[in-house]
Every structure is written in C-alpha cells, then in structure tokens.
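Take a look at the structures listed below.
You will see two complexes here that share subunit A, one where it goes with subunit B and one where it goes with subunit C.
And now, the complex of A and B:
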C-alpha cells in the first residue's frame, strides 16, 4: 500500500493542475464506465447525497447523506466558522456538502423543541479528535440561520488565549486586557453573518467611546459594530457591548439568539499570554473571555447555547483528552452545569460507505484500487472510521 | 706425648663440639633463652602471632538474678556470648535441628528487643518521671480517654519486602477530635464531592427558579424544588460524575437527568 501511495504521489506531482481539472470534467463518463461493472450508476448518488438542503427538514432518513450548502450561505453564515481543511475541500470540489449525522440530528431535534421562555439550554458536543464536532456545530448553525436566528459564532475560542501580539490595557476596566486585532476581525465576520439584524436591534444605553465619539441610546447595533471595526482600539469593548445588548434583548422576543462557541474549554483553561513582566495572564483577565463567560451562562432566555469542547488547539491539555470534565476542568464544569453532553463518535458503517462514495463521485480517490472492496477495507482499517483521519488519508489517494 | 695428644684432642674436640651442638638442642642450659608457648608473649618461634585460646563465654559467668539492663543498655545486635538463652534459629537440614546461636546470621539479622525488657522500661520510666506532669484526674477510665481523645488503630498483617523493617504508616496518628484550623477547610481540600452547598446545586436551583418564573409558577419554595425526584436523580448523577470521573455510563446518566429536569424530549 505504501509503495503504491508513493508511486501515486510522484505521478500526481508530474501532472499539472490544468490537466487534473480536465480529468475532473470527464468524470461522468469515466464513472459510468467504471461502475457499470459493479453497481448501477444511480445508487452511489442515492447513498451519499440527498436533495434536501434545508436542515430543518433533515430527519433520520437522511442520516449518512450529504446535503448541499449554497454559496450564499457560505459567504454570510460561514465566513469564519468552517474548519480549514473543509474550506480547502469546498474550494476543490466547488461545492460545500455536509454529512447529516446523528449527533447533529439530535441537537436539531432539541433546538426545534426549545421553549424560548425558559432559560437557554447548553448543549456540549464532545468526542475524540477528528470525529466531526465542529462540523456538527456548523450544521446546527446552518439550521438556525435558515430559521432566522441571530448567530453569535466564535469559531475557535482557543485563538483568543494564545499568540496575541498586541495586548492593550482595557479602556473600560484597568485590570483587564484588550485584544484589538482579533476583536475587529471577529466583528467584521459577525457583521457579514447578521447584516439584517444589525439595523433592527437598537441599543438601550448610551455608550461613550472617547471625548468625541459616543453612541446614543436607541441607535442601531450596527453603529456599535462599525465603531469597533473602525476604531480598532475600542474593538474589544464594542464586542462586549454587542454581547451585553444581545443578551439583554433576546429575552424580549424580537429575535432568537444562538450562541455557538467552538473550543469552549479555552474559557476556563490557561493562557500562554504574559504581561510585560512575564507574569502569566489568567483567562478572566482578558476582556473578551470575561464577556464570553457571561454569555454562556444560562441566565437569559430566548435562544440556545451550543458548544464544543476540543483538545485541538487547547493549551496544556493532554492529546488524548476528550471527555468534558477533563477538558473543562472543575471550574468550567461548574460554570456550564447543567448542560446536555452529546457524544460525537466515529462514522458508523453506513456513514463510512457514504463518505467513500462521495469522494469517489467527486473523483477525489484516484487510486485504481480505491473503489474495490479491499481498498475500502484497507481505508476502514487505517482510519478506524474516524472522519478526520479518513479525509487525510483520502487526500493522498 | 703431649703434642701427639693435642691433635687427637683437637680432632676430638670438633666432633665433641658437633656432638655438643646436637646436645645443645636437647639441653636447655647452654642455649639462649627461648620463650615457651605457654608464656604470655604470643609469638611463635616462626614469628607469626599465635591465636589465644577462646575464653569461655560471658554467659557462663552470669548469675540468674543479674542486672539485665546493664548487659543490654541500648539497642545492640544479638551477641550469642552475652545472651544466656539457648536460642535456635534456622531451617533444619534433614534429620537435623535449627542451628544454634553461635555464629548464627539469622539471629543477627532480625531486630531484637533485648534492651526493652520490663525491668529496663521501668527504669526508663523512673528516670523520666521527673520530667512528667500529673495524669489528669478526670481521665480515670479508658472510656473517658477514648471519648475525648479517640485514636484510630490500624493493624496491618501482611508480608512485605523493603529496605526497612518499619511500616511507614506507623508514623501516622489520626486523632478524631477536630481542630480549630479544620474549620477553614475549603472546597478545594475536599476528598470527595459533596453536593450540598456546591455550585452545581446553586446553578440548578437558579435554573429551576427561572423556569418556574417563566411559567408563572412561583408557589414552589426552594426546599420543595430541591426535594423533587428529578433533582434527586440529577444530584446522584452529578456526584457520580465528579467522584468517578467521566465515562460513558456517568455521562449518559447525567444527560438523561438533565433532560428530564429541563423537560426536554
């Protein structure tokens, strides 16, 4: 297998991209010729794809099938949410297809039956590395976006607690620290995702930025976001204001709020950021983290909080840790309690088949043995049905 | 003829001398004084120091009513010549008996308490009495002692190998009386998770109160809320989760109890 792979890699290198695409367009004929020998040409599509593109209508019958996310949604809702490898796959295949899986279906079921008068319920996706927690989160975000909820999506909370070059002392509270760059990027993405809400929601307080600028009471939230994007110094405070206002107003029923945080265990872990005197900074001393912690508390109504705990990108956590208590720690667990833990596991056989068919359809698997039974068995063995691992393996074929 | 006799005597004399040489080895009078083996100087005629004969062991001279603490005043290795007991130790060979105490390594290896006979201990106590205070008069019975100063006694009866014969746990003394500083025990010090007054209890209470407020159902009091079956199950699941850690079982139990508590289908 290894020899075959190395030979194939060297042959792939010889092909230039233009030629590769050419092969891609010839796909339907080749595929038809290939699969005539084995199975009828319709069934791969039936197994791996579904035409139901509205997450609200996804049910158990769609389990294992891929549904298409339109480019419009990709640009607005998922401007910053998708995992990087998935983004590359979308670019390669020129389509964004997400597999419908049981954990996401479970969550959608809960979300559909949410009682908006009750405090927001917290759902936590947990699972081993590469099992699909982030994509399940994205699936639920897509659902909520289609249902016209306001999406507050933090793509990776770990990015906020490490590798921050410029930490400013917070203008609002001297003890805390601001992260202007990250905050302004996030505000830009937030704006693209929720453009239509920003003019509808009005702030309920007057906010004074500095001697010359202030936001009056009753002005739209979009102004606060603009202020944060333009004046990078105040970006973190703008984020804090956005969070506060949204939390306060979601209970009134004008809109439904979905708070989605990926890697929520970063909020209660450790940071690698240091002050000038090299003393470490605790997470709560970062203004963004402080405000976000308030957001994931369940003392507001009118929405839901969907979280994932992940070890990838986490700091000072062992590689094999995946259980909620291990990653959240005592503080995190106490803060999130009570929550619904949802396990995301590896593919079941049906989902695995579906994934392989999807790759075959898109001609991603070029190896001649890829569609045979032994090839599939080999892939099954090597990846142990782990979605992330399978994707990485197939990238070589 | 004298001259003729002289040579004869001269000739004779050497022979006599040689004879005399032999005879000197026999008769002690003419030779230089040599020490006999029975004198106190322990050198043999060959220059090697002679080994003196072993004296009879001290045990033979010991009286039955002697002062034993002076024989073994401190902890000392077993001296077979100083212990008048016919001790035997060792695994016997076939048709044999355990080895005697003379030259017995086994007796040397084990700890002995020959320095702690009751007589010796009494002597120690007498000496220490000057430094002691009176026994408190109120503690005159065993029950009273146990009541006020309860001590836990743990005995371990197992075989173990190690560099020391002491059991390290013997140094640990547990007194049941709670000290003042123990009241400052915080949640971080607790050995196991206790639900009462925990943040989990607070959270669930707040959540339930909010739910009830949303449903305009404010009659239920705090105790009633905490007493319901769902909360009880939730409490059990949280305690097991915290004490046993995460595993499939505890997590699914927790999930079910939260679902039931929050009325999710």
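And now, the complex of A and C:
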C-alpha cells in the first residue's frame, strides 16, 4: 500500500508547475489522511468539527471541518479583523469556529514554504460576494499569529476612504490629509495584537512631534504607538512611522511581517471625501493611504502580503464586479502586478453539509422543517451554496 | 355615439365567464370586500406532496377528486403563496399588515430581522441560565411568535352601535379571524407608536413579542382593558341584534 502511495505522489509531482499544487503531502501524512477518511466514514456524525485547533497542522483531511479559535486569540489577534455577522455569531454561540477551506489551505501551504530572503510575495483573495474571502484572510492571520509573526492587519481599507468626519491637514506634508480618529483606533488594535513585539523593535531615527515632544533613536516602537494613541493629532503620522520602521527592519530577521489588507481596491479607487471647497480628494492625498501603498509594494523581504479585493464597501464599482482587474482598475492592477490570485468560491456539497451540520449541532436551525431533507434541499436552492447567503437564511429559520 | 359604446361594453362584461358583475343589491348594504371570482372557482392546490403521489398510491376517492379537478376552473395562485416548506400563513399575514405603500421587500426583511433578534435574545438567555432553567427556555422564534399572538387575542370585543342618537360600546362575540386580526393590529400599532424615535422596528417588535409570550406587556394590557370594558358594559348587550 505504501508503494502505491509513493507512486501516486511521484505522479502528482509530474504535473506542470503552472497549476496550484498541494505538494505538501508526504507519505506519512498521506497515510494519516487515509486513516482519517476511514474514521470519518465510520462516524458520520462527527464530520463538521475537528479537534485540531492549530492552523499550522491543518491539511486536506480537515477540509470542510470547523476548528475552534480560543477566546484569548479573539481578544488579541482578532480585536478588529472579523466580519460583523461573524462577531454576532461568536457572541450567540459562545464559541468561535472557523471552517477550514481549500483557498485558505492553499495560502497556508505557500506561507509555510516562503523564502524570507526573497521579496515579499503578494497573494490576493478574490471572489463573489459572500464566499468567504475575509474569513480566509482571518484564517491565515491566525496561522501567522500562532507562528509568531508580526501582524499588520487593516480590517477594511474602504472605511478609510469614506464617511470621515474630521479630516485635518497633515502636519508632516501640507498637501496630504490626516484622519485622527481612525488612525488612533487602528493603533490601539495594533497594540493589542502585537504587544510583545513593540518593546523588542527599536526605532532607527529620531522623530520630532512638536516643540516639546520627540522620540529618540533607539527607543522601542511602543513609544511611537503610545504617542499616536495619546496625541490624536499625530496619530496618522505615528502610523506612517510604524509602517516605515517595520518595512525597513523586516529584512533584518528579528521578526517576520505579515501585511494583511481587506478591501485593497480602496487604495486605488475613488474617495467620497471632499475638501472645504467641495472638490474631491484622491486617495493618494490621504496620508494613511499613501503610506499603505508603499507597504504593499514588494520591495522588502522577510514576510508576506495577503490581500482581499471586495466589492462590498467599495465606491463607484458595479455590484457584479469581483475580478481583481475590474475592482483594482488599471492603476491598482499595475501597482500590484505580479501577484498570486486565489479564487474563493461557494461551498462544495461536502462543505455545505458540514455547515448545516454545525448549525444543527448548535441548535441554530430551530424551524422543525429545517431538520428534514426537504428543508435542506430548499436551503441549498435558496442560498446556491453561498456561505454568506446561507448564514443569513439560517439566522431566521 | 359615446353613450352607445359604453352600453355595449357593459353588455360584454356580463358575458365574461365566471366574473361576478352584479350579485345582490340590498338597500343599505354595500359590498366592501369581494373577489372577482365566481362561486364555481376552486382554490389552487399548492402542496407539492399532492402532485408527487404516484398514481398507484391513490385511493378511488382521490382519483375521482383529481378527475373532477380537471373539469373545474381554478383561481390563480397569488404570488405570495409558495410551495416552500418554510412558509407560514400567519407570518405572511403579519408581514402584509406591516407593509406600507406596497414595500413588501422592506416588510419581509423587517420580519426576518425580528425573528433573528428573538432567536438571538433567547440564545443569550439560554447560555446564561442554569441547566434546570434551560429546559424551560423556548428558542424557536416561530413558536414564540404564534404563542405571543395567541396570547394577545381578545375573547370578546366591543362594537359601536347607534341607538337613540348616541353611540354605545356594546360587547359582542368575535369571529376567529377578527380576533387574529385584532391581535396583529394591536401588536403593530403598539410597536409603531410607543417606541423611541431612534429604535428600529425589529428590536421593538422582538421585545414586545417576547413580553406577550410571557403574558405581560402593553399588548396584553390592551386585551385585558378590552375585556374589562366589555364586562363593564354588559348591560348594553341587548343592543346587539345579531
């Protein structure tokens, strides 16, 4: 049987490298997968959950199963990353369970095999509305947090280009604009996520905030973050400094940096913000966007860049657009080119069954007809196996 | 020329099969609600199970009934009636009563958000309760909805009757459908009027439904007030002639 397995692996390796491969299967893991499958068929009631809560050990055998995220991780890593409906679900069920899916597994495989001497590779999740791009991003963030990377997570870039009440003229550069409130909340969340790194990383330049305050060279990054949180006027500049320092020092090898941006098409789109004379503001005139664009360029080593393009929340983009070319526009695509696109699609039948099973386990489907085969068929038809739609349907059933 | 055209059209309308033109004209009685279907029209059969039954499993009576239906005229099924397993006539009626200006999409989304809110509140209570209490907590939003409306139905109602130049509130027995209508009407009016300007309808409705489910709250109070008025005016019961 082992010879059969090795023959299978060698035939897999012969496939052309242009396709997305899961080459990470070695003989013992294959064996484990085979045994796991046997166990799964024997006890079909246990298919929706897995006890493997470490994302590093997730493989193809866990596809479709839900794993638990501890409350500690929720408070530190995911203080600002999760979609709002998922947060409601976590509050209702008293547990945070994420489904292991193929796009996330693919990305985890790439992240495990990154060469930190090479420039950072950009991965872009794309797909139709409600297919699970943000949650796949959160899965990879959880993996990196467990592997002790430094997480730079912008939960939704669209929030920075619209609905900003107070825009200040930037203190650093007169042509650009500051967004103090958003920057200070982001800094607070960044601090909770990466507490232990802030004391280790030292600033390599002296920064003068105003006549009385300045940060000396060699002081920990935590001081810059504190300054940004306390002096809200300088928050955007503090964010810019943090980004610059992290980019400069990531290739030194002390830490590995993960840049995760949700809705990266906001950086190159249009904004709905206006100056006092009602003339529109371009995204590059916002200091935060300007610095973030520098961050997602692949001219630094020692980490990875994981992005999502989404139409929900985007400005002036048609509802049906989901491809990276349509959402990023020419400017954005040229800036991000080359990147690795990863398609996130609707549930396959196994994942759909697993999701329904998870809801039934938590007694979320209370309607008596929802437990029947007829009910399941109707849910499949109504949701078209779209994860977001299924969640909304099951919420009131 | 125009008058003759009008009389010609009136003549044609009487010829259309099954369409009711003039049924009965009693002095002082105007028909307020009627349907354009005549009495020979049968209601549509929406149930999927009826059509999926194999021919061999039908009894003689059912075969006869199916043959009979082939000869009868059937009304068109309204767009709101579906063959979905999750369809509920009470929920549909309540949604229609909440609808304003024909905006069914909004009314339906408010209804689904209400059911979701009820469910989430009950789940919260469930997780906070001890194991003995957990058995008593009802988490199905549909049972809560039905039970709440049943609790709000009045047993006896009041009707304004004109006698001797004055209107008197006379206690009168109510039909089932009138009771259900009053329960839903009181619930919706209460939720529309007695809420804070910034509070949304699903939140207020879910609150009221949960209170009615436990037999307390403003709608139950209104039902009890109606009962008390009927009890107080029972001497006027003779004014009723039907």
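The rule is short, and it goes like this: the second predicted complex is superposed on the first by the 352 of 397 C-alpha atoms of A that agree within 3 Å, B and C clash if a C-alpha of one lies under 4 Å from a C-alpha of the other, contacts with A are read in each partner's own complex, and residues count from 1 in each chain.
Convention: a residue touches a chain if its C-beta (ideal position, glycine included) is under 8 Å from a C-beta of that chain, and two chains touch if they have at least 3 such contacts.
What you see is a predicted model, and the numbers here were worked out from it, not measured in a lab.
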Superposition on subunit A - do subunit B and subunit C clash or fit: fit
Which of subunit B and subunit C A:378 touches, first, second, both or neither: second
Which superposed partner A:197 touches (first subunit B, second subunit C, both, neither): neither
Touching partner for A:395 - first (subunit B), second (subunit C), both, neither: second
In the superposition, subunit B vs subunit C on subunit A residues touched: B
Partner chain(s) touched by A:113 [first = subunit B, second = subunit C, both, neither]: first
First (subunit B), second (subunit C), both or neither touched by A:299: first
Touched partner set for A:370, first subunit B, second subunit C, both or neither: second
First, second, both or neither for A:323, with subunit B first and subunit C second: first
Contacts of A:343 with subunit B and subunit C, given as first, second, both or neither: first
First (subunit B), second (subunit C), both or neither touched by A:160: neither
Per-pair minimum CA distance [subunit C against subunit B, superposed on A] in Å: 33
Common interface residues of subunit A - those touching subunit B in one complex and subunit C in the other: none
For the subunit A and subunit B complex, residues of the former touching the latter: 109-110, 113, 115, 117-119, 121, 298-299, 301, 323-326, 334-335, 337-343
Interfacial residue positions of subunit A with respect to subunit C in the complex: 88, 91-94, 363, 366-370, 372, 374-375, 378, 395-397
Parts of subunit B lying in touch with subunit A, wherever the complex brings them together: 198-200, 203-204, 206-207, 210-211, 214-215, 234, 238, 241-242, 245-247, 251, 254-255, 258-259, 261-265
Subunit A partner contacts - residues on subunit C that touch it in the complex: 84-86, 112-113, 115-116, 119-120, 123-124, 127, 139-142
